[in-house]
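Here come two complexes built around chain A, the first alongside chain B, the second alongside chain C.
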Partner chain A sequence: MRQPSHLGTLAMAALVWASVGLTQPAHAVNAPDGAPNPTASSVNEDLLFRQAPTIGGRVSIPDAKAANLIQPQGREWRDFRESWLPWIGGLAILGMIAALALFYFTRGRIRLEHSEESGRKLLRFNGFERFTHWMTATCFIVLGLSGLNYIFGKRLLMPLIGPDAFAALSQWAKYAHVYLAWPFMLGVVFMLVVWVRDNIPNRIDVQWIRQGGGFLGDQHPHAERFNAGQKVVFWMVIGFGFAMSATGLVMLFPFAATDINGMQIVQGVHALIGVVFIAAILAHIYIGSLGMEGAYDAMGSGEVDLAWAKVHHDLWVKEQLAKTASGPQLGRGQVPAE
Partner chain B sequence: MKAFAVAVLAAVALAVGASFLLGANQKYAYEAFSTSGARVSHPGTNLVGPRWTGDVTGPADGHKATTGS
Partner chain C sequence: MARMKFLCDADRCIECNACVTACKNEHEVPWGINRRRVITLNDGKPGERSVSMACMHCTDAPCAAVCPVNCFYTTADAVVLHSKDLCIGCGYCFYACPFGAPQYPRVGNFGSRGKMDKCTYCSGGPEADLSTIEYEKYGSNRLAEGKLPLCAEMCSTKALLAGDGEMIAQIYKERVIKRGYGSGAWGWKTAYRETIAI
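Up next, the complex of A and B:
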């Protein structure tokens, strides 16, 4: 009969020692009479966490997620969601509102100068462009309000309207958030397709920024169809829009792309981008309505005064007038200015 | 104004369409995760019945029997 080698014996002994060492609790505690204390020497949470980042069990249903018992990252996510996120969101949004109010009460509304009114209109945004803008904008407002309800609703709204009304409102807000996300995503794609060509940054934008968009100095800086400030808004909407879409899709189809830890991270990213997005769009809404006289007309009726366009987007006006003397951009029988 | 109205209508129509499409591809947990060996309760029921007798079709507490001597 063949004898096992010394090396094999040593290996077996080491394996047995290691397996015994791993299965024994780190500190076996005995009762005062010397008998083992079954509670103190049993497997505990600390010991389990030394072996794996989560504690799970076994389930017989096809939902493997149900086996998850303790996931410590969930506590960090809850802390972030319940303490940091409301503060970050509140500061971002209220800070922007305060900054806009300060600007309004110190600088006032940017009025049209007399020289910016000629009475002759120029088509700035066609019907499809306005449709795209308003579809995305209306969805954004509902998404923003229903999204803020996730963060602030139970703190601000529920004490005012009561738990039953808040529950019903939140249910409908959730439906609106989930389903209006689709036309919003479509709108962001439309915006990219329709306006990307006119939003490529160039040297003219650098000059526009150097002159503070007309705030520094006496002259309006040159600008094409969109000035540098508008280009920043466009790329912000595209960047944040796609980021919100990607993170939102991950949450719309839970656990299809990632595990519970990934879902929590994605939710945090979605919420953080969301509050910054809302704060930035507040500035866009301000400058497009209350902040600048005549700015709303561009997206309202689609037409702007030719003289205004010459002041604020002189290079674009030249380009439009050079294209054709009776093209579609000068509708309703109007004639070009020169 | 016309573009705004059309945009709002389109957004609502797309949202309703999305709700039907997504709803058609969704299953309740009791449908998705039940097997021949493990049952996930239908909402409103449990595995032991309303009187914990194992009879899931039995009458709930407070239900008065219609037959009697």
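Up next, the complex of A and C:
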């Protein structure tokens, strides 16, 4: 009888010891002099990190951000900004430049096809449309370059011009980025208002895409005022423009709308969309200038060659000519006497 | 050379905020900028704890890594400092900093931040040691005078320790062994990727 009882006591003791070891935190043991630990019930770092990804509390100063004690997510944001973003941005932009160069050297410049209607002009974009385009475009170029400076400046430009000149330049680039954001946002809104009507996708676009937009074969698919490719550019500018505006506004008023982790995500989204936006606009710049003869006039003088227009936007030309056979839509002095 | 660190013994911190006041006064830190603050966790509840926090002068500092103009540098004492002449006030260091150390004076519209300001470990900046211009931009340079940061030097309970990492870790270890408990070196895992083994 004595033996089992002794074993049972031992087993009980082992159980009690094990359960104490499991439930009592290591720091709860008494001091060497036997005094109890006065902070035994206090929270500690490991415990708080198991409960939430950041540790925060209360501060006695008005700055609410200061109540964050430790936010290790800064490290992930750093990894994104320093390890991922330069590669994603570099590949997107250099990849687009390489693709455009390849297209230029294989397909060449898309030439204006001369016909008997060459020389007659048709108004394609009025003054306000051109103003809107160039205001937004100018802002975009400055915003794009100053934005890229945040990522690549210290890697590419600083070794060339030195830290002092680079810091001064970056300071002005930051001011430009912050202030030109406003006319850019206004421009995106203007663009939506003046061009949304002509950019609603329809069945003609399906046909245009099916025929490769005229890039692949010799045949030119039908198109209204804007072909499917231009509509894609329009909706991309609107979508990315609003996304950049929304994320940019959050950063223009830091911590007004979100906390530190929110700011990190917003900055990441802004930067990622930014580099993709820049790469996409490079293609738009290419096709509107070097890539296609006659295309630049539409946004330059606003008047395009009738021969070009008939090839690229046949349905729109038909509509315009029907509206005003010899009216103000036709260029001055170039209307043949009929 | 030493590897300077801060260590806040949270079992001793009584949230008196004297370190905050001392810092503000020593460096004439402007209104709205706090190089150091005391954060109270579980405020008013059982298990409440206070920790004094400022720039931890991290190993492989995230602020320095993300800075778009590379304005940060690390001194021979492993103190992380920055140049206000180069800083453009973009705010990236605040996003990267795990401890919320960088501070920005508000200087204009649209959240435009002025030159970043943060704890210098009482060791000034890139200007000549103990010069007037250094004091105006970065505050006093106690390290150049052979003194440690004022916040830790005048801490009434000696909760906040500053000095060479190994020395303050040793002091903390001896304390913990003598009194029998300790909650560890807050932020060390994040700042230095190490803890104090006792």
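Criterion: the second predicted complex is superposed on the first by the 276 of 338 C-alpha atoms of A that agree within 3 Å, B and C clash if a C-alpha of one lies under 4 Å from a C-alpha of the other, contacts with A are read in each partner's own complex, and residues count from 1 in each chain.
Here is the rule we use: a residue touches a chain if its C-beta (ideal position, glycine included) is under 8 Å from a C-beta of that chain, and two chains touch if they have at least 3 such contacts.
Since we're looking at a predicted model, the values are computed, not measured.
Chain A has more of its residues touched by C than by the other of chain B and chain C.
Touch criterion met: A:Thr138 reaches chain B, while chain C stays clear of it. Shared-chain residue A:Asn227: touches no atom of chain B or chain C. Using the contact criterion defined above for the overlaid structures, shared-chain residue A:Asp63 touches chain B and also reaches chain C. With both structures placed on the common chain, the touch criterion links A:Glu82 to chain C but leaves chain B unconnected.
By the touch criterion defined above, A:Gln320 reaches neither chain B nor chain C. In the superposition on chain A, the residues of chain A contacted by chain B and by chain C overlap at 60-61, 63, 66, 175, 178-179, 252.
Chain C makes touch with chain A in their complex at residues 10-11, 17, 20, 32, 34, 37-43, 46-49, 51, 53, 62, 65-71, 85-92, 94-100, 110-113, 177-184, 186-187, 189-190.
Remark: chain A residues 60-63, 66, 127, 130-135, 137-139, 175-176, 178-183, 186, 252, 300, 302 touch chain B in the complex. Listed in rising order, the residues of chain A touching chain C in the complex are 27-32, 35, 37-46, 48, 55-61, 63, 65-72, 74-75, 77-78, 81-82, 149-151, 153-154, 158, 163-164, 166-167, 170-171, 174-175, 178-179, 251-254, 256, 260, 263-264, 267. Of all residues in chain B, only 1-4, 6-8, 10-11, 14-19, 22, 29, 32-35, 37-38, 40 touch chain A in the complex they form.
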